[in-house]
Amino acid sequence: MMEFQALFEQYRDLITIAVYGTAIALIVIGLYAVLMKKHLVKIVIGLSIMDAGIHLLFVAIGYISGGTAPIFSPGNENAGARMVDPVPQALVLTAIVIGFAVTALALSLVIRLYKHHHTANIDQLNSLKW
Amino acid sequence: MVITPVHYIVAPLIAAFAIPLLIKIHKDAARIVPGIVLFYNVIVSLFLMNHIAEHGMISETLAGWQAPWGINLVVTPFTGFLATMVSILGFIIWLYGYRFKRTLKGGEVKYYEILQMMMIAGSIGIIITGDIFNMFVFIEIVGISAFSLTAFYRSRDGAEAGFKYLLIGGFASAFLLLGILIIYTQTGTLNMAQIAERMPDVPQQMKIVALIFFLVALGIEAEMFPLNGWAPDAYSQAPSPTSATFAAVVSVAGVYALIRVVFTMFDVEGVNNYLMVMGFVTMLIAEIAAISQKDLKRMLAYSSVGQVGLVLIAFGIGSNLAVFGALFLMLNHGVIKSLLFMAGSYFIYNTDDKKIKSLNGIYKKLPIVSFFFALGALAIIGFPPFSGFWSKFYILISAADEKYVFLIIGILLVTIIELTYYLRVVGRIYFAKQEGEPASHKPSINALVAMSSLALFIIVIGVYPDLIMPHIQSAADALLDKSNYIQQILSIKN
Amino acid sequence: MALLIFLIAMAVILIAAAIFSIMQKDLLFAVLGTGVVSLILSVFFYILQAPDVAITEAAIGIALTTIIFIITIRNTTRDENKYNDDHINKFKNEKDA
Amino acid sequence: MLKKLIVFLLIGTLGYTLAVTFSSIPIGANRIGSLDNPETVAAYYLDKSPNDLKVANTITAVVVNFRGFDTLGEVSVLFLAATGLASILYRKEEEEEEEENKRHISHRLNLPSSSLVQTGAKILFPLILLLGIYVFIHGHLTPGGGFQGGAIIATGFLLMLVSYKGFKNNHKIMVWLESLAGLGFVGVGLYGLIRYGSFLQNTGWTGNLNDLVSGGLIPLIYIFVGIKVATELTNVLDILLNIKSRRK
Amino acid sequence: MEIIAIILLILLVGSMLTFLIDSFSSKLTGITAFLFSLAASVVFFTQIPSGYQFKFQLAGLDLQWGLTDYSYYFAYIIFGMSVLALLYSIKYMEGKGRLGYFYGSFLLTILGMFGVVISQDFVSLFIFWEIMTWASFLLVIYNAYYKVKTKGVKYMIFSAIGAYAMLTAIVFIRVHYDTLLISEAIAKGAFNFEQYIYIPIFLLLGFSIKAAVMPFHVWAPSAYSKSPMSFTTIFSGAMSKMGVFGIGLVFTSIYLGTNPENFYWVRTILGWLGGITAVMGTIYALIQTDAKKLLAYSSVAQLGYIVVGLSTGTKLGIMAALYLTVIHAVFKGALFMVAGAVEKQAGTTDMTKISGLIRRMPWTFLVALVSIIALAGMPPVGGFVGKWLLYEALITESNNYILVVVVFFSSTAAFLYSYRFLYGLFLGQEEKDTKDVKEAPITMLIPMLILMIIAIVSGAVPGLIFEPAAKAMEAIGFQDVTWQMSSLTNLWGDTTNLGLISMLIGAVFVIVFVFITLKGYKNTKDVGTKDISTSGEIPKEWENLSFQQDFFQPFQRAAAPLYSMNMNKIWKNLGENLEAFFGFFRKLYTGNGQTYALYVVIFLVVLLLFKDVIFS
């Protein structure tokens, strides 16, 4: 991983663009799926892709040039100053688990809906309106 | 201090984890234990309110790390007031639902009661936490419980409403995360007091983008138009005690989150006007939509959204008096809308149909429930001498202080719309020609106790508002005194 | 340098996989696409010095999320353009036979 | 088509705004500040984790101790999701039995499983279980911890559930484990509250950095979290796999 | 405990008690309600002197209750009418359902009205005003809902518009003048139409809706005629006077300012509104076939006179208004009681269905006769005095001659419907199916007779009413109203001996009426009203051939353009269009989750795009 740190120093802008671009692209793609796709499963896929993009954004922001993973493994006990930000990682950890919970619940609702309305098209699920 | 704020969260969690075991010992445990826990929360509330009245605000450190470093739970007069209100209403709703859910099989009761209890506990968590990410976690707790409860009845279109709720709720959590992320990068902290302290140094552009993400995310929780598409569906499809909880507890927590973020964390100009305008639009559209509803619970749902709009208007005006009015209205809304949902639920239970037109002459079947419904309707419109009047009156006074003539006229015109549809329903209940069979489901004693306590509150506070006003006043002061909040939290040492 | 190319390639594949998974009409493959997204994402996390997150994403994103998606698809429809359950009946008939 | 255009415009604008916003938050910049006089939480955590808590993996320290309350909330989210899932997909037992009797076929999802797969699963299952347990026991030393370990264990159960038709979780044990793990977590928190006056507070005794037995109560909590997560996730999978989905 | 609170408590407890008693014995409810109202009146008249005040704090506001001579004057009307109406109700309501509900709401309404007159600050005024409104709403919808569904709600909507207009004014008075006390606000000139002109306008709107002034009168006829008659007595007699009370309390004071001519336009507008109300009310009353409806429109017209009187702003004019207030309550109360008695005994008040009740209900007829004379403003009964004062005020003091013509036209037209009412119900041929109608029970007759006597006495000795009215006028600032038992001094110092005029003209009319009555009583030939066998046509069963059909056909043709200008229709169209318009916005909730998600994103993007505009 030292290799990456060196690389990052060298191509900081490029890597920034690549990582941010990927994260924002994921958010946007997920959003597109949620807004345009008619199939419920696709919508849930969109939500989870959107979440993934946000998680990537979190981790990317926590990265510090030249930092190592925030683990004081043997031989690395006093490297606190050279470590990446642990807080966003901890938050993402929480967010991933919560995201999974939401996805699971969403899918169970999809299954229920399918049993109840016999359709997986969101446009046909409008018995409640106005 | 024997009782600390963390008891609010820990007691329901212990109960939730233990209920699957306890249910093996006694099959009614799932029903009773949440009641005990919620009652315990009421005791906690009263104890804490008493404590802060004597010793000032509490900022409890968790895991032994003091405020900016660890998560802290804050009980100020403001959060304490809301937490007390939510826990008392939560307990009353449990009391109401205790036998109502008797028809369900054992397993379902377990799920229902756990989710319901955790929804209330999560709402209290949103209110008392002092940490923005912790607030996110609690919002998710409330959200997950709410999605599941919305889809609880399989005979209704609950799953559809639940899915919509979840979809919009998913957006809310995504945007909330983005907002938290931006704020974290700029301030390097997650504690709301410290964020507020460091906010002046944040670049304006960043601040505003973060604020917008917060506004949208929490606007979804606070049912602000046009982010509230989920609300009528969810309210109308959920089991009735849950609908009452949505109105009395969850929306209060949502509004609290929005207000805490806007008033304490950020210091951006123009947000007050934003709240006022969006609150007005919310109220207007919701009440307009309510007027031609055919489904009773859906009508009540739109009415709830409208009330929240009025609360937002009052917060948007932003003066001490307006905040006072807003808090008073939140309290009234919680109480009155719970009563309406509870009474409405018995109508539905007796007619097997949620349509308003099937309420014709139900007065003869359910005289007491009808009386409560009529009382609630008059109170929520704001007729004196019921409690709803005072909150509306103070909001109007505060608007007048700021010379918002058109706002006042707008609010009152919307009230007339509100009055129209509520009185149509009341008229039907009492005076339409009755059809069909006599009552098959009389209200059970616990439901009556729950409803009468709410009705008593409405009347007593309506006649003698001084009983509650000092508490609300100190709550409003506490909310507006931002520097004191920051200072207190960051200076409390172990 | 090789790492840089690898990184860029990863980013491209990630976006491609995401687009694939929302464009693919066969939902099973779409779900597998999200699995790929999660996989590459965990590599990203690893590169960005977040091994904990990488492991979590690997365990939850790749394995568990994918499997619950697959279960859902088996319980609903597999073809994105077919919203009703014709094909499930077919599937069932095959199985019953 | 118009909708598509609007959506493209919307997400384009959103993406653009996000890009503009984040472009002024450069990756790699040190926002932590000095560790000696910490201004940010991150610096404080990096300072306290090895020195006070003696926990090598700072993330574990953050997740379990500094922000342990979040984790408690997160575990409850998972628990609530499992509960909600069960309530959504719940079926009355009689109904289920009746259907079972009528149809005589189990409709649980059967991915194609040959004996090869079954044998492989049988061999892999204990290994995966072991791996999971290892991951969460070493949560405070190496990357990984309760969530990761729990998820890995759940994957092992998933493997068994998928490859063996007749494989049934022992529900009783699962329920007990689930409840006790959750209660254990809360119990440890309450111990802190009663003993030291702060919920989830760690013990004074923390051992040495990088020892297996170090960090006070943190490994214990992570074990509870691991068991809890594993059981909840298995529960979720079990419910989903057991859907009798096909309509009549 | 303050004595004033005790009175309110008596009424409140009475209301609850009657509500509860209904479930044990529905017979007792009426008596209980009557006794409670009697108790309240007795306590009030014996224990509370004029000038009484009671200050306290509620909800952080300084509130003040008390009684001036002015409010005492209205309290007479309220308690007098309430006690009589409740006595009347005992028999009238017998056999109808939900008596507890009826009497409970009745007592609450009384409480509300009493509260309005004792309020000396705007907040309590508004609170009691609203209590009065919703309690009376409960009574308006008492009769089967499905018929009055729109009517009841219409009443409530108009009341609410009025009440909220008041509320708006109140909150602005508090802001601009920093007071909530009525007297202080007046002293600070809050109603001067000078600085914050919307305050008096909103307040006036609130009061005039309750007084059913054009164009907000549309709620009144249906609400009056659809509620139980014993309540309409109060409704039209006392409650609509609360609007008059308010206008008098708050607005007459502005005429006393240094230069009253400044507000000439206000007075003109108010006067014309009153005048138009009087004319329209009268014209609509003419074409009604239902006696209750006729009386209801007539009430609207009478309130128009009162408003005209108030608008003059002179001593005589206000005296006229106050006098008419009482006398209208008296004779209209009596007439509604008559209508109620007829309804109770004959089953309907439709004038095309019944006639010739004079032989069956002679006492009722007597009351109706005297009251109608009062209504038409003929001597010797009290109505005449009021009208005379009004004309005199208009002619001598405010020189508003066109208005005089308008009022005069409307009073003349009032003769027509008065005649129709009398003739339609009591005179004329007797219907076959009303043969066995009996006289009203004694407890219904007593209040009617009492009211009749008051009407006669007040005509003969108008000073009985002048005395409290003059005191009341002093309380609102009109000093030196000179009056004697039968005369009153006008602006120029001319003394009008009303008693004498009244007697003289009265003598003539009495003779005429006695003649008519005798003629009506004497039955010449027993032919049913629908018997037209002599004309050679064979009428169909459903054809209503009663002479009451198209009674004033020629007149109707003449006034056709006026009828087409139907305020009711305008309001109805407005309401329907509004609802359709609302329906459009409702469609925003399409029911599609994806659309909702789209809204969220659109909202987010709009905020992001305009972030610099919204958040500076």
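Labels for the chains are A, B, C, D and E, by order of writing; each one numbers its residues from 1.
Rule of thumb we're sticking to: contacts are C-beta pairs under 8 Å (C-beta built on N, C-alpha and C of every residue); 3 or more make two chains touch, one makes a residue touch a chain.
Keep in mind that this is a model prediction, so the values were computed, not measured.
**Q** Going only through chains that touch each other, what is the minimum step count from chain C to chain E?
**A** 2
**Q** Please indicate the chain closest to the centre of the assembly, with centres calculated from CA atoms only.
**A** Ranked by how close its C-alpha centre lies to the overall one, first comes B.
**Q** Is the number of contacting C-beta pairs greater for D-E or for B-E?
**A** B-E
**Q** Determine, using the mean of C-alpha atoms as each chain's centre, which chain is farthest from chain C.
**A** Centroid comparison gives E as the farthest chain from chain C.
**Q** Starting from the Cα centroid of chain A, hunt down the chain whose centroid lies farthest away.
**A** E
**Q** Express in whole angstrom the distance between the two chain centres, defined as the mean CA positions of chain A and chain D.
**A** Chain centres of chain A and chain D, defined by C-alpha means, are spaced 16 Å apart.
**Q** Can you compute the centre-to-centre distance for chain A and chain C, using the mean CA position of each chain? Integer Å is fine.
**A** Taking the mean C-alpha position of each chain, the two centres sit 13 Å apart.
**Q** For chain C and chain D, what's the span in angstrom between their mean Cα positions?
**A** 20
**Q** I'd like the Å distance between the centres of chain A and chain E, where a centre is the mean of that chain's Cα atoms.
**A** Inter-chain centre distance comes to 70 Å.
**Q** Scan chain B for residues touching two or more other chains and write them down.
**A** Counting only residues that touch two or more other chains, chain B contributes 133, 137, 140, 144, 147-148, 151, 159-160, 162-163, 167, 171, 178, 185, 190, 209, 232-233, 289, 292.
**Q** What positions in chain A touch 2 or more of the other chains?
**A** Within chain A, residues 15, 19, 21, 25, 27, 31-32, 34-35, 38, 40, 43, 57, 60-61, 63, 69-71, 87, 89, 93-94, 96-98, 100-102, 104-105, 107, 109-112, 118, 125, 127-128, 130 contact more than one other chain.
**Q** Could you tell me which residues belong to chain C and also touch two or more other chains?
**A** 51-52, 56, 60, 64, 68, 71-72, 75, 85
**Q** Would you please name all pairs of chains that touch?
**A** Pairs of chains that touch one another: A-B, A-C, A-D, A-E, B-D, B-E, C-D, D-E.
**Q** Can you list the chain E residues touching chain A in their complex?
**A** That would be residues 586-587, 589-594, 597-598, 601 of chain E.
**Q** List the residues on chain B that touch chain E in their complex, please.
**A** These residues of chain B touch chain E: 160, 163-164, 167-168, 171, 175, 208-209, 211-213, 215-216, 219-220, 226-227, 229-230, 232-233, 268-271, 273-274, 285, 288-289, 291-292, 378, 383-385, 389-390, 393, 396-397, 399-401, 403, 405, 408-409, 412-413, 415-417, 419-420, 423-424, 427-428, 430-433, 464-466, 469.
**Q** Of all residues in chain D, which touch chain B in the complex?
**A** 17-18, 21, 24-25, 31-33, 39-45, 48, 65-70, 72-74, 76-77, 79-81, 83-88, 90, 92-93, 175-176, 178-179, 182-183, 186, 189-190, 192-193, 196, 198-202
**Q** Which residues, counting only chain C, touch chain A once they are in their complex?
**A** Listed in rising order, the residues are 1, 3-4, 7-8, 11, 14-15, 18-19, 21-22, 27, 30-31, 34, 37-38, 41, 44-45, 47-53, 56-57, 60-61, 64-65, 68-69, 71-73, 75-77, 80, 83-85.
**Q** Would you pull the chain D residues touching chain E in the complex into a rising list?
**A** Contact set of chain D toward chain E: 3, 6-7, 10-11, 13-14, 17.
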